[in-house]
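Below you'll find the structure I mean.
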Amino acid sequence: MPHKTFFAFILPSLIAMVLFIALPIVSVVVQSLYVEHPRILVEVENCQPFGGCTKEVRVDSAAMQDLERSQPMGQFNGLGTYLNRGHLAVDEIGAILADNTGPGDVLSRIYNLPFYKALAFTLVFCFVVTPLAMALGFVIALAVNAVPKVIKGPVIFFSLLPMIITPLVGSLILYWMIQSNGIIGASLQHLFNDPTLSLRASPLLTWLSLLFYGVWSNAPFSFVVFYAGLQTVPGDTLESAMIDGASRWERIRYVIIPHLMPLATFVALVQLMDNFRVFEPIVGFSAEANATSLSWMVFNDLSGDAQLFGSAGATSVLTIIGVIILLTPVLIRTWRDFNHKVV
Amino acid sequence: MSEATQSQRRPLALNLLITAFIVFWLVLAAFPFVWTVWGSFKVEPDFFSRESWWNAIFGTYTKAQTGSAFTGEGYYGAWVTREFWRAVGNTAIVTLSVTVISLTLGTLGGYALARSGQRYAFWILIAALVFRAMPHITLVSGYLLPFFQLNIWGVLPTSIIVLVAINQPFTLWMLHSFFLSIPKDLDESAMVDGCSRFEAFRRVIIPVMWPGVVTTGLFSFLLAYNDFATTSMLLSADNQTMVPKISSFLGSVQEAGNVMYAVAAVVSATVPLFILVLFFQRQIVSGLTAGAVKG
Amino acid sequence: MKLMFKTTVSLGVLCLTAGAAFADCGIEGAGSVRILSNDFEALRLVNTTAEECAADGVTVTANATAEHKNLQVPALSINPAEYSVAVVANNSIVPLLNDDLIRPLDDLVAKYGQALQPNQLIKIDGKIMAIAFMGNAQHLFYRKDVLDAAGVAEPKSYEDILAAAKAIKDSGAMEYPVAASVKPGWDLAAEFVNAYLGTGAEFFAPGTAELAIDNEHGLKVLETMRALTAYMDPDYLTFDANSIKAEYEAGNTAMMVEWGSLAGATIDDEGAADGVVANTVLAAAPTIGGGTIPAVALWWDGFTIAKNISDEDAAASFQAMVHGISPEMVAANSAVATWLVAGFEPGPAAVGVIATANAGARAYPMQPYMGLLHTALSAELAEYMAGTEDAAQALADVKAAYDTAAKEGGYL
């Protein structure tokens, strides 16, 4: 395809992405390299409805004005923000490695650093939920493929429900069901005969319920894609496999799964990426005490009373880098496919 | 594979297993929703009971407060008192526009990416992936100042364009894979017959692309429909869409929430989706078939 | 403090007779009024009342949204500002002051502010920067019947609460007699700030942004916070203000320190188990460690006027807002909030906040770097409250997180 035609086709989409994603990413990267100017503080009298007047510190904004006008970005800090305690915590890790009482101590002290705590849950969520949700989605697809045609429509709709209910409220309701007075929580207490069992109190059970929610809400996406893929499995290949005496399992293993492999790559790509940015379940399940994620850190930096744009920017850039590392195998595969494509 | 012959040969035990699994999965997938629909007709101390979940079944407090075991208070409160219908109207505009614009841009772009063998096409695809990795909330907080400066903050078109842009990477990837599965000979033979590239696209590709477009459309639709980060920050209260509106029912330290309004609103919000999925169910499945297969 | 509320009430009687003067809005001049506020009932009422001022040449629009804190700085930094009025609280005024985005109101108050009371004027460095119109605080809610049955008197301090909780638990009446909103995030940090204010100590070394909570007061606060968890539902780390209200209404708990703004919804006749409402007493917030200061922060909500707008718009905005918080509006909606406006007659839901204020509670600090401390507390205290970390480590973590953020913010 000639360059001109190519760009004529892709230009609108490219402009939208450059304007609203690429430029903001560049500005976020630049912003994350700067910190605020040293603030000039003055002590002033401050009177409020309660407690009368007190001396409190203020930023002297008049004195700051010139500095801010000449250097609106702030003070250049290089990679300082990336390396500080809120992010990669290079100094702190160095101190831990230099002086510790054993590997257990090292791990627990590193886990105490906010970035690594968030990263740990993010990675566990990513690598547990993605394969399980894909496997579950695949099995559902095989099963739905086998049900009579009449009930397929409603079965598909109900199978999609976990994906289409607004996560904000979906996780709130599920969370309610698993709390100790809720229908699932109370049933579990009954089942395990342990009236103090609470899915929300222990870190382990909180993680498990978040992972369960992850699998539950991600499975429908894999299901839809795999179910569609099943419709295209070539009938003649299957029949010849049957004539060769292949068992049901062998047909799945040697015909269906290879056929769905490219699809699985696509699903893995999308799901890994989405799970790496896990955020809603943590807030919906009020699980901040036991589980945080990179996206939650960004949210926490931006939603506080004092917004930390530089810090949020650095975490976002680290998220992007994390996604790129995760996706490298898929990207290499795409590169090969692309080069095989006849121009 | 032909269904009739398959199921005839299936042993009874396997059939039972499949049925049991489907029932199990459907309960798992649909039970929370069914529970929500049931609970939306109760009052908060019943559905979100701190005493026992049996209250949600029997409606103890609902009876005490309203005299009957079922109440439409949540729906009344959401739709009439807090004017949820406004948010529904805004959501309809936003989701429809986002879907249509995303698909228009995405089909053109995806087609070009699928038919170009140039290196830069690959890098555009990779860049799109990287773009998709950016947490939305960081992007959105960066938009605020320029949008205020340009005086385009708070209105629906701005949010629509932002959502389209945020959604473009996924749309491009999905439609690109889909176009790869349409044989090249189709449009190339049209071009041999004297059509320009665009005419070939219009006459040959458009008629066969609908299944893929519908599937991609479903995902675009869901993204716009469920979006919270963008719409809550970029829309003024009058133009709010459903999800930020629902979240405003949940309450804060300043105000006891009306959680039942949120529950009723969520149930109402799922009805159009039900119709949509039933309506497009066949296309969704056949679309993906043709589309993402080449990954 | 005591004086203040007495004046409020007596002024109220005077104003009831003079009320007719406020009946119509009658803005002098023309202009555009654009209000940005948080989204809850009291502020929606103020906004609607201010919107009555729309007339020839005067337009009034309001945007009530939970995202107001994220929007206000970019919206007010452009010229002309997107909003002419920003409704703020102790904490959210700080970013506006830091970036010099709001104007002094002295001349406007002199011209149009006769109806305002002196204690409504928030003065910074001698200049009026905001007009407060409602107050809020957390305070003690307790069940008189449960405490009586256990033979304990009204708790005045956290030590009393611990003793009462022990008595109730030992008597077998309730397993989890205490509830507090200690969900990690904003709520948990607010609990720490509350208790620390009660010790009378300062958060920062005077005149600087150096954190100073790593002392016996900080340890005492943490120790008390953790001691209370022994009497809380095991899920306490997931409870926010609305959850503990629900727990309390269900009769699961006997004492909680809860927001005054939720008192109305707690003691109304809806949603509570039998006997809860009738036996609920709203009292001043408890003190801590033998001190005399109630261990909570007092909050005010008020309005500010943007700097980057025309004087005409500013005058119209100020008048519209003064109308929005007029004594008529307050008289008609006295149950909605604890108003600081002339003529407010506190209803049964406001007694806790007023008792707390009268007992001398301190206001939530307005230092420019207080928000950074709040964010640091919100994330770093979770492990301590869960019991997996000791108090010294928790304070060290808070300090490390705060220092990192304060360096980034240019304060250290």
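Order of writing sets the labels: A, B and C. Residues in every chain begin at 1.
Simple rule for what comes next: contacts are C-beta pairs under 8 Å (C-beta built on N, C-alpha and C of every residue); 3 or more make two chains touch, one makes a residue touch a chain.
It should be emphasised that the depicted structure is a prediction, and the values quoted were computed from it without experimental measurement.
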Which chains, taken as a pair, are joined by the highest number of C-beta contacts?
A-B
If you take the mean of the Cα atoms for each chain, which one ends up farthest from chain B?
C
Give me the ID of the chain with the smallest distance between its Cα centroid and the all-protein Cα centroid.
A
Approximate Å spacing (C-alpha centroids) for the pair chain A, chain B:
18
The distance between the C-alpha centres of chain A and chain C, rounded to whole Å, is 34
Distance between chain B and chain C based on Cα centroids, please, to the nearest Å.
38
Residues of chain C whose C-beta touches two or more other chains
70, 240
Going through chain A residue by residue, note those that touch at least 2 other chains and give them in order.
302, 307
Where in chain B do residues touch two or more other chains at once?
48-51, 141, 247, 250
Which chain A residues qualify as touching chain C in the complex?
35-39, 41, 43-51, 53, 56-59, 61-62, 65, 74-75, 81, 84-86, 92, 112, 114, 179-180, 196, 198, 200-201, 203, 285-290, 292, 300-308, 310-311
Okay, in this complex, where on chain A does chain B touch?
1, 3, 5-10, 12-14, 16-17, 19-22, 24-25, 27-28, 139-140, 143-144, 146-149, 153, 155-170, 172-174, 176-177, 181-183, 186, 216, 220, 224-225, 227-229, 231-233, 235, 238, 248, 262-266, 269-270, 273, 276-277, 279, 294-295, 298-299, 302, 307, 309, 312-313, 316, 319-320, 323-324, 327, 331, 334-335, 338, 341-343
In the complex formed with chain A, which residues of chain C make contact?
1, 4, 69-70, 73, 90-92, 94-95, 97-100, 119-126, 132, 135, 183-186, 204, 207-209, 234-235, 237-238, 240, 298, 300, 340, 357, 360-363, 365-372, 374-375, 378-380, 382-383, 385-386, 388-389, 393, 397, 400-401, 403-405, 407-411
Sort out for me which residues of chain B touch chain A in the complex.
1-3, 6-7, 10, 14-15, 18-19, 21-22, 25-26, 28-30, 32-33, 35-36, 48-53, 56, 104-106, 108-109, 111-113, 115-118, 121-122, 124-135, 137-139, 141-143, 161-162, 164-166, 168-170, 172-173, 177, 197-198, 201, 215, 222, 225-226, 228, 242-243, 246-247, 250, 262-263, 266, 269-270, 273-274, 277-278, 281, 284-295
Residue ranges of chain B touching chain C (in the complex, touch as defined):
43-45, 48-51, 61, 65, 141, 144-145, 148-149, 151, 153-154, 232-233, 236-238, 240, 244, 247-248, 250-257
